[in-house]
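Each of the two complexes below includes subunit A, the first together with subunit B, the second together with subunit C.
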Partner chain A sequence: MLLTIIEKEIREIIGSSKFVLIFGSCAVLILLSFYVGAKNYKLNRIRYEAAQAENLRQFEGLTDWYSIQQHRIFLPPDPLATLVSGVSNDIGRTVEIEGRGEINPLGSRFSEDPIFAVFRFLDLEFVFGTILSLFAILMGYDAIAGEKERGTLRLSFANSVSRPVYILGKLIGSFIALAVPLLLAMAVGALLLPIMSVSLTGESWIRLISIGSIGLLYFGVFLTLSVFISSATERTSSAFLILLVVWISSALIIPRASVLIAGRTVDVPSVDEIAAKKNLYSRQLYGEDSEKMGSFVPENSEDFDAMIDEFNRFMGDLADERDRKMRELSERLNEERYNAQKRQEKLALNIARISPTTSFTLAATQLAGTSVEMKNRFKDEGEKYQRQYGDFIKEKTGSNPGGRMVVVRMSDEEGETPEAIDPTELPSFDFQQENLSASIDKSLPDAGVLVVFNLLFFAAAFAAFVRYDVR
Partner chain B sequence: MTNIDDITRPLLEAANLTKVYEDGVLALDHVSFSVRRGQIFAMLGGNGAGKTTTVNLFLNFIEPSEGSALVDGIASHEEPLIVKQKLAFVSENVMLYPNFTAIQNLDYFARLGGKTDYSKDDYRDVLLRVGLEEEAHNKKLKGFSKGMRQKCGIAIAILKDAPGILLDEPTSGLDPKAGYEFLRLLDTLRDENRAILMSTHDIFRAKEIADTIAFMKTGKIVMQKNSYELEGQNLESLYMEYMSGTATGTAA
Partner chain C sequence: MLSLLIEKELKSIVMSPKFVATFAICSILILLSIYIGINEYKSATSQFEAANELTQQEISEQSTWYSLYSRAIRKPEPMQIFVSGLAYDIGRKTIVSQNRPINFVHSMYSDDPIFALFRIVDFSFIVSVVLTLFAILFTFDSISGEREKGTLKQIFSNPVPRAKYVLAKCIGSWLGLVVPILIPILIGIFLVIVMGIDLSGGDWSRLITLMGISLLLFSFFVVLGVLISASTRRSNMSFLVSLVAWILFVLIIPRAGILLAGQIMPVPGLAEVEGRTEAYSKDKWKAHYDKMEKIWIERSAMHEEEREPTDEELWSQLEEDDARRDSVENDIEDYRSRQIADLRRRQAMQRTLAFSLARISPVSAFQLAAMQLADTDVDMKDRYEDATKQYREDFINFIENKQEEEGVTSGMTISISSEGGIKIGRPSEGKTIDLSEMPEFVPPERSFASVFGSVATDFGLLSILTIVAFAGAFVRFVRYDVR
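And now, the complex of A and B:
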């Protein structure tokens, strides 16, 4: 009996023109999101490699490691970040490395192409989060109320069919009928990646499959919700209206409103406020050091090189001390801001998790490595690199970089042009993604929330249908 | 093989059947009647008389407030799944699944009714029997007229091979030819020893086919006579008398 109902449900859905139209549109969007993602990735890769080459090229001909200025590192493009963009287009992708001080990622994708900030990208997160949830509603709103309006429910229950078996058959049948074609569309889309010469590592494939699974869980939430609402209403028009309101609230209003509420509730000092405090302190420290520089008297004023070395050491010590004080202030201010921001974020996310769309977005971006943590991860990696770079420069020059005293030698003691430095010796920036198990661990709570939503709506559909008036 | 007990014992029986809806409306007021195998029992009455409520009670779509709807001696509200195995049902407006062909609809409902061994030829035979042309058998129902859909609904009821058949306004909206064919079909089903309970507005068809006719008004049977008792009587005038309250007779 259960199989009969499941089979009928699958055939009925797949044979309907509504399915052909809606699924056709969704399949095109899924394929398009993979195609656009692959294209974007390749374009970003070309830009990234060009920027890296240009960064090294600007140091060609320099004869002193001290002379290196505007050394930049770049956030490497990731195929998954183009499929589930998360915050990857909002954060700065370039960091200027000075060897000391605070780093500040600049040049986000949206700042380069502001039009995308307005319309955003067509990626899997958008297709699943917005389009497929709507697809689930459009396919599920008439699951029960529609059968009642058609009179087929009455005819079905003129047979010895138990209600639990019937609703179970409907839920399983509709999930299979809708999820399998979506999976196929996703599989074809994923195949586009190697076809378009975008290679994914084994870990990235696992991440992509996990994102697909989370997407199906999320799709299941809206499908079971649709069947539940359809089982709790007498008319398809009422079911559709209720579901539309729920969908708008879930996909569009709650995530935005939660950020707004959290923003009003928890006060976070702005970046500008903090920057102003840092600038003020920095100016104060420079003022103090200027006085010290004015009182600098070399011990050995006969030997120019020794004098320069002594001056550099003096300047280096001042810079080190200034840097230490700035770092202490920065760390304190950053920590205060970070803590307030975390409180705000936590509140926003807890409110937003009322909506399954939030849970899906959080889990998917966590798996793709494009969650809100991405900015801090890039910054942390950048700071790690800066220390590495500082050590490298110290090794090459004997003193820390950033003393703000550059001596350009046109010739050495013998009057010959000194040998040019080899910029390729600079340590390379190797951005480390969060490891897979950590990403999965972090996505599990939201995946769990989606499972709970599924079970909850499934049970609600069950309970509503058992009491449903089939006449 | 049908034995004598099966023929004499009522298959469908309303025993003091009463239904009061949640809003307090008395839809059925201590209604009693019985239908034996090989009999057609027609309920006539206006809208809100309680005809469809009676059918719904037999199918356990609603539970009785008092009394029982018995099928082969089993109360439908106590053992609904067993009772439904013994009943086939044709509703007023058969819609079925518009994206399925006639045969696919038959196949689904036959399997839902527990009949899993029918072949496509069986479906074709029964569709031909109810008068649906062969060229329509593999067409989707969304292009079918009401009469064609009704024929499919009757075919589904026949395929279930149940001893009792419930018909809720089955001829409503059918053209004269389809109506005539439907009556002939009922005739053959009666000959196959089915007990048929039919609710209808159609006095003339009821008189032509039914073994017993009951007039229902505001949830009560106000008149019940068999075809012999009705012989020579103008059923339409009788109906009008009962409905207007000028009749002197009582329920049989």
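And now, the complex of A and C:
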């Protein structure tokens, strides 16, 4: 019996002109988002490589490692980040590595190319979060109320069909009828990636598949909700109106409004304040050191090279000490800000989680590595690289980078010209994503919330339909 | 006759249960968006003031002309309450100094990415997403629905001209929807005044124009609904067609247009341009030092062989060296500005293409016009960069004049000589510099007239589209089979 009902439901949906039209546009959008993602990724890749090449090119011909200046590292593009962009276009992507001190990623994509910020990107997260939820509502709003209006509900129950079986069949049937075509569209879209020669690692595939599953879970929330509302109302027009209001609030309003309002209630020290404190302290330290510098007298003023060495050691020690003190202060200030930001995040996001769209976005960005944490992650990775770079320079030159004076001596003797450095020897920056299991762990609570929503609406639909007046 | 038909249409809208629900939601959303806008504007303003104060404090603590720097900080516009546009995407501030290029960094979204995750909800968002949807919801069945109910047949059994009927439909639905929307808008504007936001005369003109163009967009969707309704036989078909049209206009075309333009006309990244400039600068300096090395060696050889140079000769040599260094600096600066100008030119071409493509959708036209009105459009970044460039020139001139007046005071001197070894000289302690005449950064401002010039195109476009849609509805309905 259940099977017959499921089959009837699937046939009815797939045969309807509504399905063809709506599914057609959704499929086009899904394919488009994969296509655009792949294209964007390739464009970003070209840009990234060009920037890296220019960075190395400026060191060509240098003859000593400590003359390296303006060494930059960049956030590498990631195919997943173009599919689920999250905050990846809003955070700074370029870091100048000085070898010491705090790093500061600057130049976000949207700030550099504001044109893309005008309407933002068409990515998978948008297609799922906004379009597919609307699609679910459109397909589900008349599931019960529509059959009643057409009189087919009465006809069905003229046979010996039990209500629980009927509603179960409805839910399962409509989910299969809608989810399978969507999965197909997604599979074709995902196939576009290797066809367009965008290669994903095995881990990225797992992430992508998890994002797809979370998407289906989210789709299920809106579908069960639609069936629930449909079996709680008498007329399709009111079912649709209610669902539309729910959709607007859930997909468009609640996430934005609650994050803005709740976020502002937590006081986070501004970047400017912190920068000013750091500047002040740094100048104070420099002032103290410049006194010491003024009283510097070389022990050995006979041998010029030894004198320069001593001087550099002296300056290097001072710089190291300043660096250490600065780091202490920075760490303290950054931690304060970080903790306040965490509190802000927790409050704002938890309130925003009233809407399943929030949970979906959080889980998807977590899996794609483009969540709010991305900024700190890039900064941490950058700092790790800076230490690596510092060690490299120390190994090459014998002293920490910065705080060293390079003395160029002229001579008219045609001595041997110093050998040029090989810039490719510089350690390369290798951005490490958070590992897969940690990402999955972090996305689980939100996936759980979506499951709970599904069960809740399922149960509600069930309860409402058992009491439904089918006449 | 016409007024009777309009009255009937008005009644059927206002009396319907869905009207109450949608009207309540629209009102809440409009008020909520304005409330959020005011809060965000206030927090942006206090951040702006704090940043200004901190900069003033930093400047006042500086003691040498050589290392003096200032900042240009972007000023929040009161109109961003209604149209946040790119206000939170574009960098807020840049350092202005002799040796650093202008680069606006620290956008609100990059400082606090949590707000970037879902972005903002503002009045222009509500208009372009929610109000357009509601306009369609109320009009999609205006013709086909009446046909299905059989009321259309009844009406035309009376001597009613079709032209008047369709005109009354459009006017009636327009009045029935626009007048109620005006109520929360007026309350919202009142809220702005009550919460102590200072709007200048220009801002008021901008605000009124914004409301005008919002209503124009709304009218387009009302008429579009009637057009689709008059082009279809069944109301569920007209609903689907309207919804697909809405998704295309509101969600797809704006984004797709921009992305397409990005593919057709790719623009190099800033990092690449900077890297190229650095490489060029390195090459130039290397060539310069190689040349200087030769010159110095020649000079010292000449002096050893002949005689010690006179002070005048030394002075002229120093001046020669300075001139050479200046020319290298200027050369690099020129190269950099050429690169940036080229980047900007390509960006401008990309923009023109992108916005032309996006303007296929009236919603993009509306949003672009709204951003222009609020001064939060894409060109804001260029305007600020231009203003800062001007300021930087004034600032550098000021420093150079002061240095000439007071003699050069550099930060720290390191002298190396074979007799005294290495000696580090410090700038005289506790010496302050007189900053009373330092130029201040003035944020760029556009007069309402110049803004209106760029908005007029979109205004015209929206009006034409509305008229075309109306004409279409008219033509379709005249031939409509009312049975």
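Definition applied: the second predicted complex is superposed on the first by the 458 of 471 C-alpha atoms of A that agree within 3 Å, B and C clash if a C-alpha of one lies under 4 Å from a C-alpha of the other, contacts with A are read in each partner's own complex, and residues count from 1 in each chain.
One rule holds for everything that comes next: a residue touches a chain if its C-beta (ideal position, glycine included) is under 8 Å from a C-beta of that chain, and two chains touch if they have at least 3 such contacts.
No experiment lies behind these values; they were computed from the predicted model shown.
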item: Subunit B versus subunit C as contact partner of A:L155, first or second or both or neither; value: first
item: Which superposed partner A:E12 touches (first subunit B, second subunit C, both, neither); value: first
item: First, second, both or neither for A:V87, with subunit B first and subunit C second; value: second
item: Partner with the higher number of touched subunit A residues, subunit C or subunit B; value: C
item: Set of subunit A residues, in rising order, touched by both subunit B and subunit C; value: 17
item: Complex contact set, residues of subunit A against subunit B; value: 1, 4-5, 8, 11-12, 15-17, 150-152, 154-162, 469-471
item: Subunit B - residues contacting subunit A, complex; value: 56, 59, 61-62, 80-85, 87-89, 91, 93-100, 104, 108-109, 111-114, 153, 156, 160, 166
item: Residues on subunit A engaged by subunit C in the complex (per definition of touch); value: 17-18, 21-22, 25, 29, 32, 36, 39-40, 43, 46-48, 50-51, 53-55, 57-62, 70, 72, 74, 86-87, 90-94, 106-108, 110-122, 126, 130-131, 134, 138, 237-238, 241, 244-245, 248, 252-253, 255-257, 259-261, 263-264, 268, 270-273, 275-276, 279-280, 283, 290-291, 293-294, 296-298, 301, 304, 307-308, 311, 341, 344-345, 348-349, 352, 358, 361-362, 365, 371-372, 374-375, 405, 407-408, 410-412
item: Touching residues on subunit C, where the partner in the complex is subunit A; value: 17-18, 21-22, 25, 29, 32, 36, 39-40, 43, 47, 50-51, 54, 57-58, 61, 85-86, 89-91, 93, 103-107, 109-121, 125, 129-130, 133, 137, 236-237, 240, 243-244, 247, 251-252, 254-256, 258-259, 261-263, 266-272, 274-276, 278-279, 282-283, 286, 289, 293, 296-297, 301, 347, 350-351, 354, 358, 364, 367-368, 371, 378, 380-381, 412, 414, 416, 418, 420-426
